[in-house]
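Notes for the one structure printed next.
Should a chain be cited, it is by its letter among A, B, C, D and E, assigned in written order, with residues numbered from 1 in that chain.
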């Protein structure tokens, strides 16, 4: 009896202690008494002020987004992560951009043209483009940005994305240490990116108003001496790597120029006001943006813990947060939250890779058997709580090149048994234990525990789980020597073109294919045809055939396409959702978004 | 001389896991102005507890004074308010403790600690208090007293610390000084210094002293009257010469006999008292010394002897007349 | 004292060398490197990797990298770039362009040092410590004074809970309770300038230390209460209040102070879980992230800063100790 | 009772405790000169008393003799063997011949061992007895020191201080030594119990012909039990003489002061006595005074005392003193 | 003196009589009686024994196979809730509800007890063994050995534990040690390596103070060897603090395992229901943390179990300290 009382009282005291400690929590307006001296007499003037944070630039509504994690770097030519790109997309704009249907549409360039064999691409910039500070933005700026991306001194992580520009590879891969200044300059000059004025003369400087033409020489396959067409390049150049950060500001700011809002003068819809690491990024509309001026400010926060972010969203502290699988059931159950959930396809495909260098996956029937024996639908419902869509092919739905007719290797235990019977093992029981290596994060653990249970229940194979620290996992999968037996990887589109899905990834000369030891000459030929064919429809047929071949090899078990899922407050209207959303929905067309302040409680 | 302190029937008990320990069992004595009373006994006989109980300094719990009175100038120390007794402690009755090492707060300066009673009882300001403390330190024989005010206890030697302790006790000119084994932890030469000092101060200041000790030697030259305690009782009390000259209680006799004497010519065998002092878990109904007593008779096991007069001013609690070996009537 | 300080500070040098050596070996023995990215991201291509490795000197043998980190090395232009000995903690591999000292100590534009990552962590640590001391010490004192009463038992029980419940569990529950359910505090700080947003992280981070402080204070008080000099103080007629305040507490504080220095270091360094949960811009989070990212200089830099912090905390304890306890002499 | 056969010869015994400083590399910055040149003989069957104030080095001397502290220099010749420098098995063998009784009956018995184990341990260590024999022998020894032999399975904390000290005596006797250093064996005991232990020690000496080095600060007790007495001050022996000689004719001013400070339990005598009260405290053994160690407190001190260390010389047969003024 | 003999016995007879009436009691027995009088410590012991029982008989106690996934039954609320916040009805078969794979939370929690018990004890044993021996040697032998230990602690204290754990787990994952006991063995070793120094320091301090005790001199005096002094005299007397410290080290290990589990380090998930170590409370909390909004019952059982277990050990440790530390005797 007494000990019960003890527990009760102690809980009470603990509670009251913490409560009293939390008392000053309410954000009340603070009263500041200023002492003002007026002509010799002292008066006290009472000034009521709201806390500093609550009084940002006037009455502009603010869109509050939890972006998850603070970017490592915000430099157009060095960034590579979605959260980094989300910042860049607000501040800058490229020559072209994507619209809600993933079509490439004009950005800073009002039009673009390929020459007849698609070895040269000419952009024409809009007239009168201005940076947010009112200075002129001309083609010379884009020339600088593209060259900066290729420059080996920049060593940007997406430098290789522009390899189809003629001369780019030679400069990018130059052996800097052993080349003279002159030789390097020659390599740089060999890159065919030229800003021209309307008369076709090379531009002289950044102030030149009629410098509106950008000519880009292309080479569909830099590995061969011939110039080949690259008809997808206008889409590639929509990427952030071409964003025209100002050369003089980069020079002035030095290595850390990107940490300061002072040097981030851009041509995008927003101007960055503050960048407070790990706390917030604050953006206000850019009055000089050619397409119009947004009617709201944006505030990015960086809460990594999804449970905390969800609580904050429910607390009306955020307008947009990512929705994770664990919270989905609650959201769906809640009459209000369920209406606020936005779930739509994403841009990634995930798959199990089977190491063809290691038994038993060196035998195709074994791979086939596992592909048959994996229940993708159950994976989606059980593991992802519905946040995903099962797939049997590589390019996801919504992207050019998607193959809606692919049905091979769907879940079928009978076929799995037939397949294994054809292998040298004869049955699943004879297989050696399968080691499933994965990145040992919280979510992955349960996922792979589930898969192991599935495989052992459905197929009767013994599965060993091998969680690896994430970076170590990456390192393992990057090297053919250390490549695990079975592992899980995905690919997300950089830009919506089948070339990015197939040639960049599965071409036997590509880095990815080399890592996994994947080489298929027939596929290589088809992909090359696709890359160099000018006619958009014809290209797609080659890629389609290549993709069918890929499925046929059963090199990987295609599992799911991700979905983007966010919670969006009802007063945020006009969001254009696309699979390519970077970090938050709406960055494709921020101008279409409005905030109905009357709805905000 | 009028009696300044009268203790009547004092009883103190301690609650322990093993049971209630009867530490003091009805102790009565009185102290005249300017008189020095020596209380002697082995460890655990209740001598310290008696004086601590009087000043209400025993930790409670586990200790508790269960009965008795301690009249100081006619007022009962045991029933007065906390506030009142605080005004008596340190001001009118002050104490000197056994271990000068642990009895000082190690993190406060000597000056601070010695001046504390002055601040509390005399309301002196810092300057006045400092002067008075320096004067007092000089009186107890601390060289350069002004400079040493800012020293910490550990910077003094044991003997010096005990001098400071005495200065602290006497700083408010108390009427009674209670010295609880003040020399036990000190070397012989230092002991002599301290006894000497107290003697001098007593003659100078005229306070009454209760000196608690287990060493019959130390007290012989100092005390006017003696009380011997055993098992929480006073078992013999007499003027000092009477007690040493004619001890009547077997325990007192044993104690004196177990001490070797420097001035003895030959080498006699020491008298030893067999057995151990008792731990009293209940109030004894028999003589607590009986189990160790050579003289014990049947009656000793049934009845606890009260203090009985054996000669004028000499009282003893024993059923046996140790001179004749016969039972007293 | 001066000599002692110098000697103790000099002793830091071998500690730093050994700690940096071990850290260096450990982090380089972990598979993967700074260019290995999240598996969903496009991986840095081999050529870029090569260029980056060359640029940062990661292509050199390990011992040279270590020497370059500690002492320095000549860069491409033949200029000597000084290493750790000049206080240079190296370049970040993930936040390219930034040096570690910039990441940790450089405040955002227009703010002062307190807004740097180190400044944030330090503030949180100091607040947590203040909370721990402000609650823990009085609680310990009261529990000791009321020993074996209901107050004592209750505070002991709370204290034991504080020691027992892992702080991330407590953090989650407190967030749900105070932020989500009671809505007393915001979960997401609009700004770390508001007092209210510091409350939860401070309380959660400081709770364990508070509990330990209270426990130690109680034990220490109980010990001091039995000391002879307390009896002496009472015998002088001092009021109970004075006995407690002047004689008991100062002495009882001595052992408590010895844990507070290391506790501060632990609070500043050990807050990564709390930092992650509250989206707190401190360095604990940066440290854990850096380990995951193999941002070698960042790992080294933070480790060494922690090592120095801990050593300084221990040193300051010794110094404070010598002030509190006149018996202690530093030499 | 006393023979003139020398059992133990201590010559110029020095024990300095180094004071070390340093964080990583420790170096010696000074030394506590606990024992600084002590010489005396102990005869067969006698009790030599060693007195002095605390910190004078008397316990250190006792321990240095038994090689519990390895002496810094000097020699300790016991039964013809110099113990200084003796190591390993040789030293172990000598340990059987000489034992020690400690001051604190609470700290000197391992609280986790039974009394039987404590007393039997020396026998087992020296391979004299097996477990069972050791047990039997422990019972005998308990009986010898006046305790109930049934107590062998009891633990030290179950005994009173006096009983524990008896156990300590029994342990010392287990190896049947010739020589026992008694390091203040009674100062932690109650007065009534002190006599019990002293009587026991005397009885055992008579019974077994033991030789004692009896260390104490209580001069009256030392005088009671010893045949000869050595007085130590700050690491050196200042006077050594027969006990009657020492009491009746103390030569060294320190001895005189010490004698006069010892209280006598008789108010009549006490009232008459004139004390020599020494000024101040014992100086630090880290930095002892030059010349005569006692000069800073000595009523007779002269210039020579600061300059020269007084020789320890025999001024009368068997009466040694170290003083310039004698 | 409870009895009053009518005849006059000799004093020593009385002493004997009183002594013989009580049984001999070693300090350990005394401490044990003190311990079992301490209610909190007894409660702690009961909880520990309960979990020990649960851990040993997990196979028999768990109502379900902890690895059994139940399609369509994921995130079921616990039995006492009719409908969870996610709208799913509870199933009486799953008392604590189910996790995201439809696995029984109760069964998993029961199995989790194993890891916590083992992770509490085994590293502690290693720490105690190594720490005691080193502390004993450093304290007794002193000198350079001691000096090195003390300097080493400076380095260890300044050293980042977490980095060490992560790197050890990552680098040794593929080795034999890394695979032993589903990776737990490696965790033990890592925990032990980081923690033994503090332990050694405490033992050293204890030995330093014991060394000054006279019974150690007495042992030297009777010719005991260094080894005998260390292991027969110093060790048994340092055992009290060692036991107390061990009891207080155990909860630290359990919390560390939980935190490491929470960071995704430590136990490798098992796929074989016959494995001894299938999951740990730390791993369960990690699972539950992400879903704390919707399914708080996922994190509750492991969190409460960890807290209870740690609480139990803390109470027991406190009780042991009160029972074994003689300085505190009488203050209770």
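The working rule: a contact is a pair of C-beta atoms (placed from the backbone, for glycine too) under 8 Å apart; a residue touches a chain by one contact, two chains touch by 3 or more.
By chain, with names taken from UniProt: A = Solute-binding protein family 5 domain-containing protein; B = Peptide ABC transporter ATP-binding protein; C, E = ABC transmembrane type-1 domain-containing protein; D = Peptide ABC transporter substrate-binding protein.
Just so it is clear, the model here is predicted, and its values are computed rather than measured.
**Q** Moving only to chains each one touches, count the minimum steps from chain B until you reach chain D.
**A** Minimum number of steps from chain B to chain D: 1.
**Q** Any idea which two chains share the most contacting C-beta pairs?
**A** The largest set of C-beta contacts joins the chains A-C.
**Q** Find me the chain with the mean Cα position closest to the mean of all the protein Cα atoms on display.
**A** The most central chain, going by mean C-alpha position, is C.
**Q** Rounded to a whole Å, what is the gap between the Cα centroids of chain A and chain D?
**A** Comparing mean C-alpha positions, chain D is 86 Å from chain A.
**Q** Averaging over Cα atoms per chain, report the distance between chain D and chain E in Å.
**A** The mean C-alpha positions of chain D and chain E differ by 48 Å.
**Q** Measure off the straight-line distance from the CA centroid of chain A to the CA centroid of chain C, and report it in whole Å.
**A** Roughly 35 Å separates the two chain centres.
**Q** Averaged over CA atoms, how far is the centre of chain C from the centre of chain E? Could you give it in whole Å?
**A** Result: the chain centres lie 26 Å from each other.
**Q** Specify, in ascending order, the residues of chain B that touch 2 or more different other chains.
**A** 274, 276
**Q** Would you pick out the residues of chain D that each touch at least 2 other chains?
**A** 23-24 - these are the residues of chain D that touch more than one other chain.
**Q** Mind pulling the residue numbers of chain C that touch at least two other chains?
**A** 11, 30-31, 161, 172, 176, 226, in rising order.
**Q** For a test of understanding, state which residues of chain A touch chain C in their complex under the given definition.
**A** Spelled out, the residues of chain A in touch with chain C are 6-7, 9-10, 13-14, 17-18, 21-22, 24-27, 51-54, 66, 70, 72-73, 75, 78, 80-81, 152, 155-160, 172-173, 176-177, 254-262, 274-280, 301-305, 307-309, 311-312, 314-315, 317-318, 348, 439, 469-478, 482, 489-490, 492, 494, 511.
**Q** Can you list the residues on chain A that touch chain E in the complex?
**A** Residue positions touching the partner: 3, 306-307, 310-311, 324-330, 332-333, 378, 381-383, 385, 440-443, 445-446, 448-450, 452-454, 456, 462-469, 472.
**Q** Per the contact definition, I'd like the list of chain B residues that touch chain D in the complex.
**A** Residue list for chain B touching chain D: 42-43, 157-160, 187-193, 195-196, 214-218, 220-223, 240-241, 244-245, 254-264, 267, 269-274, 276-277.
**Q** Which chain D residues qualify as touching chain B in the complex?
**A** Residues in contact with chain B: 53-54, 160, 162, 190-196, 198-199, 202, 217-221, 223-224, 247, 257-271, 273, 275, 277-278, 281-282.
**Q** Can you list the residues on chain D that touch chain E in the complex?
**A** Per the stated touch rule, the residues are 23-24, 26, 63, 66, 68, 91-92, 95-96, 99-100, 102-104, 107-114, 121-122, 125-126, 146, 148, 150-151, 153-155, 157-158, 168, 171, 174-175.
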